[in-house]
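In the two complexes that follow, chain A is the common piece, with chain B as its partner first and chain C second.
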Partner chain A sequence: MDYSVESNLHELITSTTHKWIFVGGKGGVGKTTSSCSISIQMALAQPTKQFLLISTDPAHNLSDAFGEKFGKEARKVTGMNNLSCMEIDPSAALKDMNDMAVAQNGGNEGLGDLLQGGALADITGSIPGIDEALSFMEVMKHIKRQEEGEGEKYDTVIFDTAPTGHTLRFLQLPQTLSQLLDKFGEIAGKFGPMLNSFTGGSQNMDIMGKMNELKSNVEKIKQQFSDPDLTTFVCVCISEFLSLYETERLIQELMSYDMDVNSIIVNQLLFAEDDSEHNCRRCQSRWKMQKKYLDQIDELYEDFHVVTMPLCAGEIRGLNNLKKFSKFLDTGYDPKKDNKVIYELEEQK
Partner chain B sequence: MQSSVIWVSIALVVALRVLQWGSHYRDNVIDAIWCKPGALKLGELSRKRQDLQRQQRSTSAQDEYAKWTKLNRQISQLDTQLTEAQAQLKQTRQVGEKALSRLRLILLTAPLLLLRFWKGKVAVYTLPQGMFPRMIETILSQGWAALAMAPMRYVWAPGALKPLQLETPVCLGIWIWALTKVLDTAEFVVRSLIQ
Partner chain C sequence: MSEISETEKRRLLRERRQQKFGKGGATSRLAKITGQTENSFLSTESPIDSKSSTPEPSGRNSNEDSTKQMDELLAQIHQQQPKKTDQGGAAKNPELDLFAQLAKMQQGDASAPTATSETPDIFAQLLKSVQMDQQPQQGIESVFGNQPIDAAVLEAHNVAVNKLKAYTIVVKWFFFILPYVYYISHTGREAFQLTTVDFVMNRSNFFTIFTSFEVVTLSVYYQLLMSAEKSHNINTLNSNSKILKLVSMVPPGLVPIPNLRGKISQALQYWDVLSMYLTDMAFAILLTGIFQYYHAM
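Presenting the complex of A and B:
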């Protein structure tokens, strides 16, 4: 395998400019392991900075990967001073919205009673795309906090995303919201005072003001997501046709959104020819198939950092195992020199 | 002058009717004048796409993944170009249709309308006397007022009736209307016979 660019993520791991890093790919290829690995390596390489790893996948795995519980509030990983994790919980976020709406409604009968029953959460909770919308709201909240200097400040946010389709929908949100707000702005411009009166005399919401604020935040996000110095997408795949084809589609789609994508992690590789002790016929056959696709990846993605990672004998869970595994993202994995590590992972209880 | 007006009217009515009968002419004219370059481009892109698809079908996605994917990328690019070319062709066609409608309006419809207003009262021919009963001829030549004024004639000019020289002209406006109706009826008869 001959790669014209470095076959590691050293450049990304030591980057001082990136604020948003997305890690995504098909289901079951190792996104969570890769996103945890990238976060750990970045935190170790830049100890003076703060990093936040957010899971936008409704089927969260961060807690399982690190072996400790994370929630909707960011919490530091045990053993790391500058790495925090967060799992966005859509139902909890919706409940918070519901409670806020109840508080704002005050003594209003009818609507207040309805909301207190959790009606808002029930209605909105099952809307397709609500998970992506809530993750996006989290991003906007984070930007707002950074600008206003509130709360914990994070230099880089790493996203452990949901499988491809959901992530693409999430990334389309800035564009979709921007268009929606433009349309809404036109309508509100014509019917603004009438809309304000719908909300009730005591509330007096300034719809136009809130919309403009939301629009300005969305525009900021759009700009940041299309700046290659600030945002990048790391694709994770395995060396099989379906995964590679989905990766190809993902990359094409990301390019159409003007999002920078120049790194691919190819996981679960067997490197059977370099493992003289454990080299069954099945592994040989599978490795032959993987190698065939790896050679094709070289031809297709000449300008990409293509990082090859081994399939380990055990699960990569817990901070220690993740540290051992993740260093190959920085230095690259040499199957001849480094193959001992795949048998050295500690069993997680 | 009068005969030229009549001939011009006949020409305009017949031309409009012929255009109506040959309604498919419109698409052919628009295609020939406005849409040819766009259609050629679309055809070329479609041929290229078909070639690439043929190549892709003969390539194994698993054994030659890189080649297959590169062909796929080219096909996706061509799809985008095809969509753009189709949209452009549609726009060009709309421009052509608009231009053709405007041309028809200026060259045929408007002149006919002007002719009806401007020369509508020109007499195309006169009906021979004695064709209709006297009372009807009086109304046709002198209007309803003549009928109302008829009893007054006996008061103002008593005595034997002098024969009236009544002319019953058919004006251009009515004649064009009649011609259009005749053509409509002829068209209806022919269509019924064919069906």
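Presenting the complex of A and C:
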């Protein structure tokens, strides 16, 4: 049987089963450009479906990539009918929580004064992993909305993730939460009725009910994240030693979480030997180095879709530039035929 | 290619990838990457191989550590069941002493009871328990252990206790209170004058005599109750009181009162005594009313 693997993401772009696509890698390798490109190509290839691109990186770049402002509410990209973007802002989410707490504790002057100063947001905002937790909450909200048929329904959600460590923490959350909820379930089972009586009156909390609902959602997410037909992770890297090493470690971590990884995008390649017109000594030397690691990538990842993408002369910003650049994810980049695109990108003001 | 073969191809490729990363393959891949540079300090330990080789409680996973700590905390909460101490039961009966003090006070004995260690009074005990910290049961031997109670034994014990209570009430009411109240209400009638017990028949001494009688009978009752509890190895109050069961659910430290359960147990015991006294008093008042009514007719 033919086990050759295409050097493009056509299979992913035209996939009708995937619900969650993560795009991640080391910092500065082109994750945002790649995630925007994948989203655009999927939206163009499947115009009847709705796609959502979420940035979970606290240092958001989606607004810069598309040249328009996105916020915590999903908003359609100008010029695309079926692609929306959202930037999860942990500080804004925490501020909302703080404001809600102030409103609920209106009678309690001491606590209200404390909260009005943004104390809750300050305290919780400094907790390590809070960004990942808030992103995860967004995921759970989407699942809940889809099940209840509320709001905009998205067929596929693409995540522009934060650099590697943050993403791995995010992906660990379902397992961590599941264990925590098991423990809380034991405790609440013993003390739940007593706690409910203490918090009675208008705030009659059904602790067990809420925890069961949360646990059920977390289990669903765990199952979906480990289903290769529903979830996949696209690794983005550059052809350098540290990036290659970190990509390998990332792939191994993801496999240990039972997450499917079958695609790698290698960015910022010079293809200097195919560009006789613009071929300085530095580019030649650098391309030689890139080739060495590219060969190793081909050897290590022969069963992966390895997509090689060029380093362009200009920034890949704005919808038009992203469209031009992203089509090579679908068809593959041929440095001999397609090298004109490197110099054709429109300058963004 | 057909849809089925595409799916099959994806599945096979996935298996091939997993095979290459499994069984030490992941570590060798990292070694291959790091080996191409000299003096590389990067780790070649694979997350896949380290997770599969180390046993579950590896101590490296902070989540495992935290769940372990949670397990220990739960076990501690279970074990911190307040010992079933009957603070008035293990030592001399404080209720008897208290009523003795009350009786003395009624008889005009103004001498304060000697608050020695042999006769601890309720207030001294309360003060002791307030001064104690979270471990008041140290040094006080629990008469009753913490073994789970057999339901049949508990039921038999409850039947015995209820029988004891019923007999006590019957004896008190019909062999003392009723005739005493009858004699009191008929003072002056020749047929019922008893010259040798003028003190007893004197109406102004009713409360003193009644209280003294109550002290004696309640003491006897509690002695009998204690012997029954000892024989069955059951503390009646701890086993049957819903209030104590509720209080035992309160985790230690939640309410800023040390030995909360012990205090509430003691309060319930005193209330039990007081309620019996008040019930008998009410019966006496009722009888007085009935006898007065019939005499008036």
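By our rule, the second predicted complex is superposed on the first by the 323 of 349 C-alpha atoms of A that agree within 3 Å, B and C clash if a C-alpha of one lies under 4 Å from a C-alpha of the other, contacts with A are read in each partner's own complex, and residues count from 1 in each chain.
The rule is short, and it goes like this: contacts are C-beta pairs under 8 Å (C-beta built on N, C-alpha and C of every residue); 3 or more make two chains touch, one makes a residue touch a chain.
Not measured: the values here are computed from a predicted model.
> Looking at the superposed three-chain arrangement on chain A, would you call chain B and chain C a clash or a fit?
After superposition on chain A, chain B vs chain C: clash.
> With both complexes overlaid on chain A, does A:322 touch chain B (first), chain C (second), both or neither?
neither
> Tell me the contact category for A:252 with respect to chain B and chain C: first, second, both or neither.
A:252: touches chain B and chain C.
> Applying the touch criterion given at the start, work out whether A:13 contacts chain B, chain C, both or neither, answering first, second, both or neither.
It touches nothing on chain B or chain C.
> Looking at the overlay, does A:77 come into contact with chain B only (first), chain C only (second), both, or neither?
neither
> Who wins on chain A residues touched, chain B or chain C?
Between chain B and chain C, C touches the greater number of residues in chain A.
> With the two structures laid over each other on chain A, which partner does A:157 touch: chain B (first), chain C (second), both, or neither?
Neither: A:157 stays clear of chain B and chain C.
> Regarding the shared-chain residue A:238, is it in contact with chain B (first), chain C (second), both, or neither?
It touches nothing on chain B or chain C.
> With both complexes superposed on chain A, which partner does A:175 reach: first (chain B), second (chain C), both or neither?
A:175 contacts chain C only, not chain B.
> Once the two complexes are overlaid on A, one stretch of chain B runs into chain C. Is it 37-45, 73-81, 91-99 or 163-171?
73-81
> Could you pull out which residues of chain A sit against chain B in one structure and against chain C in the other?
241, 244-245, 248, 252, 296, 300
> Provide the residue numbers of chain B that touch chain A in the complex, in ascending order.
61-66, 69-70, 72-73, 76
> Quick one: which bits of chain A touch chain C in the complex? Just the residue numbers, please.
It is residues 1-3, 5, 11, 175-176, 179-180, 183, 186-187, 190-191, 194, 228, 241, 244-245, 248-249, 251-253, 255-256, 260-262, 296, 300, 303-304 of chain A that touch chain C.
> Can you check the complex and tell me which residues of chain A touch chain B?
241, 244-245, 248, 252, 292-293, 296-297, 299-300
> Could you please specify the touching residues of chain C with respect to chain A in the complex?
Residues in contact with chain A: 9-10, 12-14, 16-18, 20-21, 26, 29-30, 32-34, 36-37, 42, 46-48, 51, 63, 67, 70, 74, 77, 246, 249-251.
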